[in-house]
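The structures come next, written out as structure tokens.
Each of the two complexes below includes subunit A, the first together with subunit B, the second together with subunit C.
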Partner chain A sequence: MREYILKKIALMFVVMFGVYTIVFILCIAAPGDPARLAMGRRDNPEARDILREKWGLNDPVHVQFYKTLISIVTFDFPTSFRYRENVGDLVLARLPRTIFLGVIAIGVSVLIAIPAGIVSAYRHNSIIDNITMVASQVGVATPNFWLGLMLIVVFYTKLGMFEIGAPDTLLSLDGFSKVILPAVTLGTGMAAITARLTRSSMLGVIREEYIMTARAKGLTERVVILKHAFRNALLPVITVVGLQFPLIVGGAVITEAVFGWHGLGQLYISSIASRDYPVIVTTTLIFAFGVVVINLIVDLLYSVIDPRVEFEKVTA
Partner chain B sequence: MRTRARHYAMLFAGEKTMRNRKLRWMGFLISLVLIGAIVAFSGCISEEKDSDGDGIPDSEDQYPGEDDKLYLDDDGDGVINKDDEYPGRNDTRFGGAFVRWSSEPSTLDPQLVTDQASIEICIKVFDTLVHFAPGTTEIEPGLAKSWDVSDDGLEYTFYLREGVKFHNGRNMTADDVKYSFDRLVSEELASPRATFASEISDVTVVNATTVKLTLEYPFIPFLSKLAYPSFAPLPQEEVEAAGEDWSKNPVGTGPFKFVKWDAGSVVVIEAFDDYWNGRPYIDTYEYYVHEDEEVIWQGFLAGDVSLSGVPSPHWEEYLEDDELQEYSMTVSELVTYWLYFNCETWPFKEKAIRNAVCYGLKKKEILDTIFKGRHLEARGPLPPSLWGFDQGLYDDYEYTYDPAAAKALLDENGIVDSNGDGIREYEGQELKIEYQSYVSDTWQTAAETHLANLREIGIEAEYNQYDFATLIGNMDEGNYTLMTLGWGTDYPDPENFMILWETQNIPDPNSARYSNPTFDQLAADAKAEADTEKRLQMYKDMTAILQEDNPQWWFFHPRSTFVWQPWIHGIKIGGQGESNEKMIDVWIEPDHQ
Partner chain C sequence: MSQARTSRRARSERELEELVRRRRENLKDKIKFAVVFVAILVVFGWIYTTLNREATLGPIDMSLWSHRILVVCIFFTAFYLFLKFAYRYFDRIFFKYKTNTWELMFRRFKRNKAAVVGVLIIITLSVMAVFAGLLAPYPDPGNPRNYDHEYALQHLAEPPSRTHILGTTRNGKDMLSVLIHGSRISLALGLSVELTAAFIGTIVGSIAAYYGGWVDKVINVINDIVMAFPFLLFIIVLVAILRDVNIVFAVPFTDFVLFDTQSLVQLWNGLALVFLALAVLSWSSIYRVVRGQILSVKEMEFVEAARAVGAKDRRIIIHHILPNIISPIIVLVTLGIAGVILTEASLSYLGFGAQEGAVSWGRAIFEGRQYATTSKAFLVFFPGLAIVLSILGFNSFGDGLRDALDPRMKR
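Take a look at the complex of A and B:
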């Protein structure tokens, strides 16, 4: 297992370097001069040239590539073009909000999806099953920005049940009051996918002979479904929930903007608009790092859920 | 022997004795009268004594020994001056938080600001030598209580108020003005706003409260420019101590002092008790970052937002709601939106084609459809709320929608469709052009109509949207034929519009790449013309030239409608928009504080 983890970590560095290279090339190739944008609507050629020099934009491309890479690897982050502030500070100020939103959204998703999927499978072809599946279809098809706005109009403006905006403190009443609507917005789409997968996975397991055996032993339905069936159906579900992390990141960009949540997603959008390369590169790498770490955790969880999984074999 | 002399002496002595006696009596009487008069007079003086110097004699003084003014209530708030913590301000109005939701500021360093969000905060934290009277674009004294301008218009001497404090408690002096003006143009700062100081050749500290600015050339709109927050005095010790963090820890002399900037989330500023013009009524000004105007509107409806614009999708809702209208105002912004023609390249170097397009594009119908008639159709460069706008020229503008006139104009100039494919040719090429815009639903809707309009007059256009960074790049490089954009004044003077068509300003800000020597001469003369009437005529002449040459297709002048909560009072908004107001007179009813 140790060897497996080490291999995975080594692979992570390769993936990260690949991501860095692609993002850097995209930034350099994109039209639009960040120093010109910093001038606002009216240009100031002298100040623009000074900024280009200061930001290293006049250096050869390979020098820029190397310098940016070194600054990120050594955690001596570059300065944001737009905010003229250390990128590390900018990211750190927002990262906790995005993680908090992501965790709650996944929590919302799992809390809705897994019970719905289990009930749907258990009551296969019943009215509950049909309603759940139609609802999940609607959930998949609903765009986040529309759902977000609808939730705001109903639960914030009309009913006054929840707040919106970015909280001062995340782990507080204010934090939870403000995270519910964006988390539901973000979690609904994922819940729909997870519910459908849980249902189909459970349907497959329920028909297995060992479930029949468990019932024949006289176990209660609760134990049969939750202990024997669900645990075996969980493997593909965990994989999908893990793979949804990138969806969270993508969805967070829009959801954060709608709710004024001010996480990394919103920073990412504004940095692209202002060609703030240091922020774009750093933020992308953080997202990529998050995805590979989650994937590693999911891999490790396989052995917890299914002790038959051996890492050497998985690697092979 | 008695000598004759002695006899006379004795006679004289005898007479003298007699006269002396009389004189003594008279002296005695006069003395009595005088003493009586003095006693009487001194009696009078002691009755009129004003020992506390408040202009009220002690005998009549209700508060002997104290200035009676202390017991008056100058501001009518029911609190006598002696007990009034905020003299000149109505004490019952103090308190509460004014909440705004708007886009994120990029910096709080006033010398780097270019966006409205940053200006909204900086204008309140920093004060300038002169500023605009609330709700207007009229210049009034700020940190400078007065100023002199030399006859040649080259020297501006500003006399600073005494006792103006920075938020750190230190008194502001002329040295701070010099330090700040020098910093603005320094290479180290590389400020985009350094161009604003291009006329200034020298800043001299005359004494602690007098500073003299010398200009390279006479520049009449100079005072308007000085109201921009980039010209605010900064405390050197704070700027240097904060280093790179200065833009997140601003210290100024404005009515509000900085409290916090939670990155990407909220900026909070609070009332500065020692502001020279009186503490603002509101306690805090809280600025939450929300980019989506629909969400901001929902925040307003929920009562969380104090002041908001009315988004176009809700315009009819606004018109039907009496309460919303009661607490609202509409401002004609100092902004004009247009389509740039690239006047330097094919085909719009040809004036006849530009004019034909101006005839050919629908304007009023589009404004009525997209904006429901909120905005004013533009027919020239200057917005109606800007000094220099001329209603006569506006009314007489020739190139309003008339496709028949467009076709006739092109025909007259030999720009015809010779191969019968419906597209005219010019200089041997078919009139196929690109119509560029930034990412905007509004422009997309307008462009859909415009493509059909152009097709009708024999021009084929392809519509493409670009993100702002790419569009600006295309604009600077002249890589366009037709492009959407607009201009809003940085300072309220027509000069700030007319620079857009000066040949010396190609490619930026003269993005149309328009060149006309007559216009250039007028623009140069107007900058130095001290006679207001003559200067006004020059701007009319320039407008007339632009209305005939049409380097742009003039689209509209926006009119912004602002609504506020019924419990908020004292809102004043001028043509520069809500972000340029200091908001010191805004107050919130006690129940909502």
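Take a look at the complex of A and C:
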């Protein structure tokens, strides 16, 4: 087991290095001089050259590659071209907002999806089941940004219920009233996928013989469904939700753009236009790190949820 | 004639009855289908001719009326014939030994109502895309020559009315025409990206799975890296960078330029770029499925038998393994088209997809987004609805196909 984890972590670093290399090459290959973009109208060659020297853009490519890598690995981040601030501070100011949005969205989606999935599997082919499945199909098909805009139209413009924009403090009334619409936007797509998976996985499990055994033992229906069936049905759900994480990151970027939620995603989008390489590289690495870590956690969760998995992996 | 053929096929009196009954039911189905189809056509044509006649057609023009229906009918017949022959062809190739597998699949598919609705949506989309010029009430809004400044200035962002069923865009173009012409971009992009992705994914997947060893490992690590890179972010960077770079592909030692990337950028108002970025990145899901399937298929006896009679690797992969794993690829391609439509819309919304002047659904939302908080939310609503419906169509078609092709693969 330990060997397996170590192997996974080693692979994680290889993947992170690969992602870094790709982003770096993309940034270097990109035309458009960030120094000139930063100068704006006051552009003149000498000042531009000073800026380039300061930002290390005049170094050979391999030196830049090495320097940026070292600075990120040692958490001694470079300075942003656009904001003239340390990228670490810049990201730290934005990261909590994105995490807050993500956590609330996942919470919303789990709260909707898991009960819906269980009920529609339990009442297979009933009206509830059909409604849930149609709703989840529509939920999957709805683009994030369009749903966000429609929610703004209905709840903000017409009903005046919630606020939108970026909150100053997160864990406050202001933060929660502003997070609801983006979180619902982001959570709906996830909820649709999760509900369908939960349903199909529960349907498979409910037919198993140990469920019949549990019922024959005289356990209450609630214990049979929640403890015996649901726990076994959770494994494929977690796998696929874990694999969905890159899509969730993309969804978060779009949702942030729609709601003006000053998070990491918006920072990313705006820094691409100004060729702010340090920010692009750092932000991408943070997102990629999130994806890789989530995948690792999903892998490890297997053995917690289903103790048999550990055994299989050791023997394999 | 048919009676004679039927009786020859039947072995007993009972079987003959059964066959005749089935044939009659089949005919009944066809008639039902034809009636529904004609009804849809009539309603469709009626709406068109009554709602728009002052604006575009003048008084009802019977020749045009019949012309439109005729064109749609011809297209539909062609589609039907294509399906029929495709059915026969695949039947002969893949199911030599079991004649009714394909038929069983078709019957299972027909029972799935959501999937049938999906097919109807896809057919509508295809008709819209192919005959956009005929079906749209106003001429192609993507062509600057059709843009009437005088008229447009008086009709900026109008709400739905009799002359403009879905209203006008913020530039004064007819929204319905924009949506009908926009379906071309969505479909063309979806199909081309997914076919390219299927091509790359199948080749890379077969190589990785069939040869194994270090080839497999290297490809897997590359795939891991691509997967860890959040898809949308990667595409945004790629598009942003390709948009400004100009790589010229020329014949060596001459001045003859094959193509340069800037002209590619101009092509389709920036959508060729989206195609390039998507095609490069979206083979990964097909790759994984193909690899997994081949790993399980290649150990089977018939592959060994083929090798024993001296078949080469390429022949084994193309003629013996691929036909066995074609159905998950078809399903993935169908579902992938929905994903491409979604990604194109998202990219366009963020400003990295279709550029100024393009007629695409995502671009329409992008242009209307500043009106979302005003009373003109319909500018955003209708294009979004078109996106939702088409994605719904492809998704339910793909799901139905998956259930029909392989009942064991149920979600």
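To be clear about the criterion, the second predicted complex is superposed on the first by the 304 of 316 C-alpha atoms of A that agree within 3 Å, B and C clash if a C-alpha of one lies under 4 Å from a C-alpha of the other, contacts with A are read in each partner's own complex, and residues count from 1 in each chain.
Keep in mind that, in the parts below, a residue touches a chain if its C-beta (ideal position, glycine included) is under 8 Å from a C-beta of that chain, and two chains touch if they have at least 3 such contacts.
It should be emphasised that the depicted structure is a prediction, and the values quoted were computed from it without experimental measurement.
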| item | value |
| --- | --- |
| Fit or clash between subunit C and subunit B when superposed on subunit A | clash |
| Partner chain(s) touched by A:A38 [first = subunit B, second = subunit C, both, neither] | first |
| First (subunit B), second (subunit C), both or neither touched by A:A93 | first |
| First, second, both or neither for A:G165, with subunit B first and subunit C second | first |
| Which superposed partner A:P143 touches (first subunit B, second subunit C, both, neither) | second |
| Partner chain in contact with A:A257 - subunit B first, subunit C second, else both or neither | both |
| Partner chain(s) touched by A:V153 [first = subunit B, second = subunit C, both, neither] | both |
| Partner chain(s) touched by A:H228 [first = subunit B, second = subunit C, both, neither] | neither |
| Subunit B versus subunit C as contact partner of A:V249, first or second or both or neither | second |
| Partner chain in contact with A:I50 - subunit B first, subunit C second, else both or neither | first |
| Subunit A residues contacted in one complex by subunit B, in the other by subunit C | 30-32, 149, 152-153, 156-157, 257, 273 |
| In the complex, subunit A residues that touch subunit C | 11, 14-16, 18-19, 22-23, 26, 29-32, 134, 137-138, 140-146, 149-150, 152-153, 156-157, 196-197, 200, 246-247, 249-250, 253-254, 257, 268-269, 272-273, 280, 284, 287-288, 291-292, 295 |
| Complex interface listing, subunit A residues touching subunit B | 30-34, 36-44, 46-48, 50-51, 54, 79, 82-86, 89-90, 93-94, 149, 152-153, 156-157, 160, 164-166, 168, 257-260, 262-263, 266-267, 270, 273-275 |
| Residues of subunit B that touch subunit A when the two form their complex | 101, 104, 106-107, 109, 112, 114-115, 187, 190-195, 244, 247-248, 262-266, 288-292, 294-295, 298-299, 301-302, 467-470, 472-473, 476, 487, 490, 508-509 |
| List of subunit C residues in touch with subunit A within their complex | 114, 221-222, 224-225, 227-233, 236-238, 240-241, 244-246, 338, 342, 345-346, 349-350, 365, 369, 372-374, 377, 380-381, 384, 387-389, 391-392, 395-396, 410-411 |
